């Protein structure tokens, strides 16, 4: 059996764990695995590297993906899909494992539906916003990166009696902000799921200062949207979703807080740091398990499925059901985080 | 409402997160929380500190427990249980939240059963071997500590072409060893759940060396038991379970490997390091959520229950059902780890 | 003997180590130490806390300063200097240890010169740009923070075949950029000491890409100045030193690189992260030693001096000579870094 | 110009930084560098790999040495030295850079003296006990590893009100113990340079407990020697230096403390962890600079020298003068550490 795998979309820690788990499992059953380079681009161009089972031990601790990634979507350009089918046959492949987010998995789903290509999906999003799996790898490493950053910022904020605003990833879902907010003892969080009431947040920060807390810590999703226009300068650009243009919400929020509370306020945007680094133990284990089970699906010739985490177990769900729906933060978690925001 | 909490047994990262979650939730409902010092000893002696909701923000990143801990079990000495009942009344308590392992929770369960004391339990074991919850806090931090240590050891092992044996916690269950083994790309793991076949492990290590891998990494639970006696010196002490006396299995295994394979072998025992450190994001979130839900049980006057993680949710289970059964490693995980041990 | 200490200016890791070293040394000779709060403001207002020798053990691992800081300079407002003199006498102080940068130490120097106040200085700048000492504490922790960040960014840059531009601290001196550039295997560094030739840097990045390197890593000081105007949009604001306005050079450089090389480029500004965190071993040792020797100067009544690192030793230099001169990067280090930038 | 390099003796973080610095510098002057494998063994057997200047960027963050190491000393077996000379000529080498400790450098010195081989030395010892250089790379990373471990152990020690004894490296010199002791706020340190007075240490620990400190932290060099025999069981093995046999002093000290003070005491031996891990910024910079200057010596054909750190500068000293003398801890540092041990 000859299996190809590829990694698509934004990278995150744990991709190499999936690759290792897959390669070893396929090898244990007498098969071989190759890696297509730079997402669907490698599938289109037939560009690949062989993957050795024993050497992949060395990639487990590495962040990112040794295969490279891209946002190439073959369904956006005529003729590219056929090239993938051609590559599949010319390389004499038996299976194609696509590791990626909604976009990458959507292609795998359609290739299975339209061309009966034996595809298998593995979910990847650092934002944890895929609907068919409890958690996605990369999310835990990201939380630890945010937490370590905020732990560093806490002492400097306290030394200068400041409020510190930290902008984290999350365009449409607040998983990172909410979980990191709990883990960092944030005084306020702002997520895309709820319109942000800056007046209320400023009140909370002033009340805590008055009660003796010498610093404040605020976490804001890049996709958070502020309520009303009172606090917002008129030139705030908005994207197609009506959100304030990304990549600046942190600075904007900091300015509002400083102006409204009179407390010196600074902001930090963690940006690409959040995608980097060696995967946490949780992500190494989760990624590895998903890779193993993707391999086992291939061996069983169980096509058109995606591996997913449910409770303690890895299960298989139809790709067609898994893609297309973004999962926003469950109210349960916002409710829990709310205990600390009053 | 006046709630007391205590932490019992071996400490682990995340205890302070539970305390913070509990204190804040109780405060949000108008109640107050005090902390009994050093486990059940504080309940016996009436020794406590007040816990301020806002100040507990500062304890979230701290390892261990600000309340101190002990292994005091009031049921082992006549009269001590009555002292706890007396403390409960003299301090005018409405609820008692016990955060601990099987031993600590067993006391809480019996106090509820025998004295109708309004107790609530919160599970704690770094070994992840409690039966009523998916994961226990502290376990994830421990895995990251082991992983970081093994990542450090890998380069020195490779530089000297050595096998490195790392002894980790786990007297009767191999959760840490198995999960860390996956996260660390171990060449072999040894868990209490399976008799260890040293001959087979030595064969694997020799085969990998022959195939070009320049080093070996072996993880062994402190409670692992070696099969047969061929490799074991006759003076090996055993404990009541027939296991080789703890605190030395790593050194013993290293000596066997060096002798049988001819490969230079060293060992490291991580010991108390595994209990220490600032909790990981996962453990801060899990601990906090358990603390919140313990507080909510108290507010609802839902006694004799333990908070537990099931999938994504925190649920309440009867204390009486939760204690008394150790949870050993599920075969599913050993099977998955097995893909890398062939 | 009663000694007061204060911390002024931007905080950095290691301040608490100095405080601990000072407090313990003074205590060992029978004296006591108090901490004035929030820099010179505390000296003006007589606002202080007592400092216990044994409890200060617990502050050693903490970033920032337990005393708080401010940029208050008494020489900028009439009457404030006299208030400091009054505080000195009303608190019955025998010595005043000022821990801070050029501004803070300048005040200490003038108080000694003009009022014969028995002051002692301890140098602090995360930028390592004080002239009378080999290294300042905080600098090493900062380098490790930058290094950890860049290590995280490397894998995501490689996965996406990007150039990553990282903006680090350094308004007028490139110590952080140069040392971190060496420690991070940067492909290019931009420091305030040398006008930056963007055309040359873009050529280097293109050449390396052509030679097979899949990503690029560029470190830029916040105070770097770009040569010529070819690459710079006309609206670039400049500060009084003719530098492009701070807090944006990284983004600007990234845009130029992307435009000129055609390689996808992203930027990250580390900002306040660089001041935070638990001090590294180097900074804990250096800070502690400086604190000890400041205490010993006080005991010897050797006033108007600053403690400084020279080679392996802590020495005392006159405050008047130590302040007023910024130390830019030695050409020797730029020359060494240059081996990797060709 | 064709340069060979090798790494000998115990590995430590920063070796790859030296290799990178050397390779790039030689390449910048038109030369090439090869790496002899596993210390002098590679020189004897002519076993080597080519070293590419650009690819060595990737090895900078790696612990250990990509060349492997061994303790092979050609002067201990007749005929081996001649084989090195033969390898030198058959590989058409122009220079040989030996990176190692006293043993490795001693061979390089004798090869230059006896055979006029153009050798250059680079000092390496994690113990910081080489006499001709201010600091050796690896030492700083080791200190941070010990510090991180002790920071982890502090909270578990405090939770259980224990004394924790941590055994660290240092057979004949106490640099690691003393510097880490300062960085970790140890209550006691035990170094090989001073006979240890256990009675006095137990008194200190009891006094601090009585004064309210809830835990104790003790750092002991593996080569520390205890004074007198009162506390020591008669079966204590001693090595040739009269020291208690290594690899057990921590446990022994912990037992004495527990018995004499009545305080529960545990011990951890950090062992090989201390050699591992990605090098700290300090060690990456120091290693890189030494590698650059070793390359520059080769280009200048300045043979028989060793590169060394003096203050801020890298200098060259004759190999013959640099080897043969172990550098024990300067009394100045013990004196400074002593401020915290009273």
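By written order: A, B, C and D. Residues from 1 in each chain.
Rule of thumb we're sticking to: a residue touches a chain if its C-beta (ideal position, glycine included) is under 8 Å from a C-beta of that chain, and two chains touch if they have at least 3 such contacts.
What you see is a predicted model, and the numbers here were worked out from it, not measured in a lab.
Here the chain-to-chain distance from chain A to chain D, counted in touching steps, is 2.
Put simply, the chain farthest from chain C by mean CA position is B.
Taking each chain's centre as the average of its CA atoms, chain A and chain C sit 34 Å apart.
Our note on geometry: chain A versus chain B, Cα centroid distance of 29 Å, whole angstroms. Separating the centre of chain B from that of chain C, both taken as means of CA atoms, is a distance of 41 Å.
Shared interface positions of chain C, i.e. residues touching 2 or more other chains, are given as 151, 154. Taken together, the chains touch in the following pairs: A-B, A-C, B-D, C-D.
Taken together, the chain B residues at the contact with chain D in this complex read 7, 10-11, 13, 15, 38, 62-65, 68-70, 145, 149, 151-161, 164, 214, 266, 268-269, 271-273, 275-277. Across the complex, chain C meets chain D through its residues 20-21, 24-25, 28, 54, 57-58, 60-61, 134, 140, 143-144, 146-147, 151, 154, 179-180, 182-185, 208, 211-213, 278, 280-282, 284-285, 288-289, 292, 310-313, 330, 332, 336, 339-340, 342.
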